[in-house]
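Chains: A, B, C and D, in written order; residue numbering restarts at 1 for each.
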Amino acid sequence: MTTVSIVGGSGYGGGELLRLLLGHPHVEIKQATSRSHLGEYIYQVHPNLRKRTQLKFSDPAQLEPVDILFLAQPHGQAQHNIDQLAGLAGKIIDLSADFRLKDLARYQQWYGEPHAAPGWLDKFVYGLPELHRSEISSANYVSGVGCNATASNLALLPLTRAGLIDLEAPVIVEIKVGSSESGAEGNSGSLHAERANVIRTFSPFGHRHTAEVIQELGLKDISLTMTAVDLVRGVLATAHARVKPGVVMKDLWKAYRNVATENPFVRVVKEQRGIYRVPEPKILAGSNYADISFDLDETNGHIVSICAIDNLMKGASGTAVQCMNLMLGLDETTGLEFAGLHPY
Amino acid sequence: MTTVSIVGGSGYGGGELLRLLLGHPHVEIKQATSRSHLGEYIYQVHPNLRKRTQLKFSDPAQLEPVDILFLAQPHGQAQHNIDQLAGLAGKIIDLSADFRLKDLARYQQWYGEPHAAPGWLDKFVYGLPELHRSEISSANYVSGVGCNATASNLALLPLTRAGLIDLEAPVIVEIKVGSSESGAEGNSGSLHAERANVIRTFSPFGHRHTAEVIQELGLKDISLTMTAVDLVRGVLATAHARVKPGVVMKDLWKAYRNVATENPFVRVVKEQRGIYRVPEPKILAGSNYADISFDLDETNGHIVSICAIDNLMKGASGTAVQCMNLMLGLDETTGLEFAGLHPY
Amino acid sequence: MTTVSIVGGSGYGGGELLRLLLGHPHVEIKQATSRSHLGEYIYQVHPNLRKRTQLKFSDPAQLEPVDILFLAQPHGQAQHNIDQLAGLAGKIIDLSADFRLKDLARYQQWYGEPHAAPGWLDKFVYGLPELHRSEISSANYVSGVGCNATASNLALLPLTRAGLIDLEAPVIVEIKVGSSESGAEGNSGSLHAERANVIRTFSPFGHRHTAEVIQELGLKDISLTMTAVDLVRGVLATAHARVKPGVVMKDLWKAYRNVATENPFVRVVKEQRGIYRVPEPKILAGSNYADISFDLDETNGHIVSICAIDNLMKGASGTAVQCMNLMLGLDETTGLEFAGLHPY
Amino acid sequence: MTTVSIVGGSGYGGGELLRLLLGHPHVEIKQATSRSHLGEYIYQVHPNLRKRTQLKFSDPAQLEPVDILFLAQPHGQAQHNIDQLAGLAGKIIDLSADFRLKDLARYQQWYGEPHAAPGWLDKFVYGLPELHRSEISSANYVSGVGCNATASNLALLPLTRAGLIDLEAPVIVEIKVGSSESGAEGNSGSLHAERANVIRTFSPFGHRHTAEVIQELGLKDISLTMTAVDLVRGVLATAHARVKPGVVMKDLWKAYRNVATENPFVRVVKEQRGIYRVPEPKILAGSNYADISFDLDETNGHIVSICAIDNLMKGASGTAVQCMNLMLGLDETTGLEFAGLHPY
């Protein structure tokens, strides 16, 4: 058994990691830390884990050595004690944004402050297996992914990989998100009475996850527009671009199918009948799938490319466990078998 | 024009008062106070009032004299400065629980602490027009009503008024409520990600509003069981009792119709077909109606009596404005004409 | 009193018309027709209207003459008996899509079939007062508006009117909509268990309402992308365009404020703090407001322009009543005073 | 591998069976039938199963022999061809209501028509393992359970088993349910625009599942009151009874803990702090747990006993698979390991 600990286990990302790792056949959880819930049973914070574990939250100051350390803290923390944490485990998977960007200037541009551990940026692999599977397999340090970045990257990946769009041309990604993105702390706008029934375009452009799409896909003129809707888990990215002259539906089918074939968690959803003809996050809650689709307006080359994920799974903890599997040489899908629910 | 001010205008009850009074043809709002939003435009907190008023929240310490003062503060505040407030206005309508109970011992029993202004309890009339219309009409001091108490009182009123149930027998009222009952402050369980999709029985018995049902209807053995559901506005009270021997459907129809006939805001909803056969809060949002219904199991006398209201309207601010109308000799329904929405 | 009748009163648009017209001080409703609910009380279908009217649905074959006829039937019906209907009333307001497009070829292109009454297209004025106030004031025949077209038109109007964008350049409007757009008939995907929690991009481009934006604003390369979200009433249009070189924030503020100043139901919502900083449909349910806002990425001229409306109000029946007010020489806002609700 | 087929695989219960059985390590699915979706891929109807199976729905008239047959048809069908079906499989698990009641007269009383196969009633064991584990283990024919009956039975089981309540005394169970109970066919009231935001007490008493509680627990005077709320999956039963004189909290703790200890899927949830202090269906979606709790008003013996389940899992398909495990001599929890989600 591989021993793992989770730093920051009481947040939503941490809870999802706990759920996945408790059900993982090759892993034993040693500790999950939480300052605010220190000493409480994990199931008192994550009630779905009752009867699954008798573990209590422990003090982050009393972490013991393990094989793999998962960091699920708020952004901006891991970079301050990464040296110390690296002394406790040979492998680290950090779900925060601290080590996602490789370029120091870009980090400072998008996060508005200097990085506290610039020497570590190069050591971390960007942890999206659909982009970096082989590097992750041999890495010791893997960063997590931004959930909105992931939905965007997977919506656009078939197009960039097959060279069907021009990297200089404008790309607009309209992203709709559920409330779990705000985290377990929330704010006044997160109260149910204020957050229910919303369609709230809270960030027209400039969302930090944009930097991850620029870095990973090489797009030069891309904006992410964020809109909150009434849902707890889920992200839908609807990307708008123009294909290169001459690109037709057949090219697109091929490009999307290739990505789905190469990646166990990617599926193409493009049906002519039935209720679920396109990717929808509602059926993905708890699953690690990324469902993708596309449509082309052949009159003007306007392509609409869609990706749906569960932000806490494929957009965070699910992908982190997928990376762990790769790092351990296990089948990529181990412990990530849950299919999602219908109806939901 | 009657001049009014609202103490505590930034909460949900205060916002609803503002909406109603801004649209009231006989009223002019002088001030609305808020410590936390001092100096902000009212429409910055209550965005539905944009283009309706340019008033800003003022300092509660700088209240000026008016004809009527509405108190919309959290419970436990008005009793501490009621003498001072009474110096500013000849008429006061207090939406809080401070002056609802007439019996000092009962107040202490249900609220767990002594009352700070016991001498004022007798001066306030319990502000439910369906129970105390004529007293309210001649009163200077009127208390608000508990929203859950109101749904319970109106569900049971036809039965107690017509003497169809025994006041000593057990009565169970199962109450389902929306999230606006928690107020604009909320708590960790009020976050959308935690509060969405709930069916949460948060109080099996002992809810403070029970005291108002005991006081107003004289029931001796009554419990209110509170369950939160996924809705913002709305209360449904489903009351269970046993009718006296010999009571049949005809008696019930008569009792319920009488209450509806005597009260402009009470309607009997009991249809044999269509979607909306019974009272439902969803179509009452923003309206002052209380919809009631009933069904009788003739094999054992079990009666299920139902009342639906909007907790912020008939359960709070709507009833307060209705009381104001009575106190001013106006038609009871003035400024309360909104019909509610379908669909919603 | 002006006499009016409503053809097709049992749908959602018809129900909203009934609610508005029952509360209108200058109007008397003579008939509301419905084949499927013939003989039923209006309040059995629209339960919010209980105690507001004792009218029953009547037979469309037995319409009597009135001053104004509202047509609230499904698309494709009015064009088949418009001559006959015009014999019953001097003024007609048709909420369907039958007479919105002025160009016969465009109608056929977007609706896929020839028009049954092409001679009538010119007689109808496109019924959006923000675009055609004076023509509507003197018109006898006014068409309704598409809800998604209206959100798009009002999001883009400040830009086109002030000449801030190039009419030839690509414009993408991402539109999020509630379930009431599907109408009272629905389909299998409209069932609550399938439609709850959705983020469903059901139409990437090609939505029929696009034709109304092309016609009214003169945009040459515009697409509407439709996404269903979990809400009953509401549309949010988020429009993406590029401003002309040199356009800065100050120009935009002026353009948006001008539109809001000239139109009683348009408001600019652009706050720096608080929960409601941008337009949101959730606070507009039942109100006739269109809330608009914008943001500019000065690095590349990308403008995001937003408009929120209630699809059944400003997007359909509210605007129809606004047109009626203009046609009757009344104040434009008569009977449309409801402010919307907070919280909701 | 055990071979199984599912008759009626396109409904919600059938879909959940498919999800569970596809993930079950000891089972191979041979056929899933559907008349309305004949020839379609299962994943076109149950989109969560995409990439999990390439099986298509087959014709119920062409069923082949298997080890176990699951019947997931609407009520009233299995009883008409049970002899024929029994010829195809040695073991049958019927999720419908056809073989739940043992008493022919009771069936006729609650279902309003004679039973078509009365000789089979005795052959079926009522399929709730918490009540009949050993009989199920040796049975060939097992009936499913009503979801509302299951929530009620498990809420009351600790009390009846320990003899803490009088079986003759009145028991009221208030049940709140999600929309998936209405099934994939739905009705006009199931449309999202009508069903969203509901608190709809659609059955004050007389629900058919009552018969299962009477049969299984021996309660003489029990009513189930049904209220629909805005949720897709989930049932909460809140049972009201009076304990026998002398019963105190300690007795209750013991009774509830005993049931949880004896049954792997039953948990007691009774916390003093945190958000999730009581059973809530929202965290149970997809899981087979039944969470129970209680509270006692010691002044009058009023006990409130609560049970939360996912109606499609513990209330239907999850319990059916649990029965299958027992019938096959497997660990009861095999294939039912999903923990549920937090947040949701």
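To be clear about the criterion, a contact is a pair of C-beta atoms (placed from the backbone, for glycine too) under 8 Å apart; a residue touches a chain by one contact, two chains touch by 3 or more.
This is a predicted model, so every value here is computed, not measured.
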**Message:** Per the definition at the top, count C-beta pairs in contact and tell me whether B-C or B-D has more.
**Reply:** B-D
**Asked** Among the chains, which has its CA centre at the largest distance from chain C's?
**Response** D
**Prompt:** Roughly how far is chain B from chain C, going centre to centre by Cα mean, in whole Å?
**Reply:** 35
**Prompt:** Taking each chain's centre as its mean C-alpha position, how far apart are chain A and chain B in Å?
**Reply:** 45
**Mean-CA-position distance for chain D and chain B (Å)** = 38
**Request:** Hunt down the residues of chain D that sit against at least two other chains at once, touch-wise.
**Result:** 12, 179-180, 184, 193, 196-197, 230, 232, 275, 280, 343-344
**Complete:** Interface with chain D, chain C side, in the complex: residues 12, 178-180, 182, 184, 186, 188, 190-193, 195-197, 230, 232
**Asked** Contact residues on chain C for chain B in the complex?
**Response** 12, 15, 19, 22-23, 40, 44-52, 179-180, 184, 232-233, 264, 267, 269, 271, 273-276, 280, 283-287, 289, 291, 337-344
**Complete:** chain C contacts chain A in the complex at 170, 172, 174, 176, 188-189, 193-194, 196-202, 204-206, 221, 223, 225, 227, 229-231, 234, 236, 238, 240, 242, 275, 277-278, 280-282, 295, 297, 300, 302, 304, 306, 308, 343-344
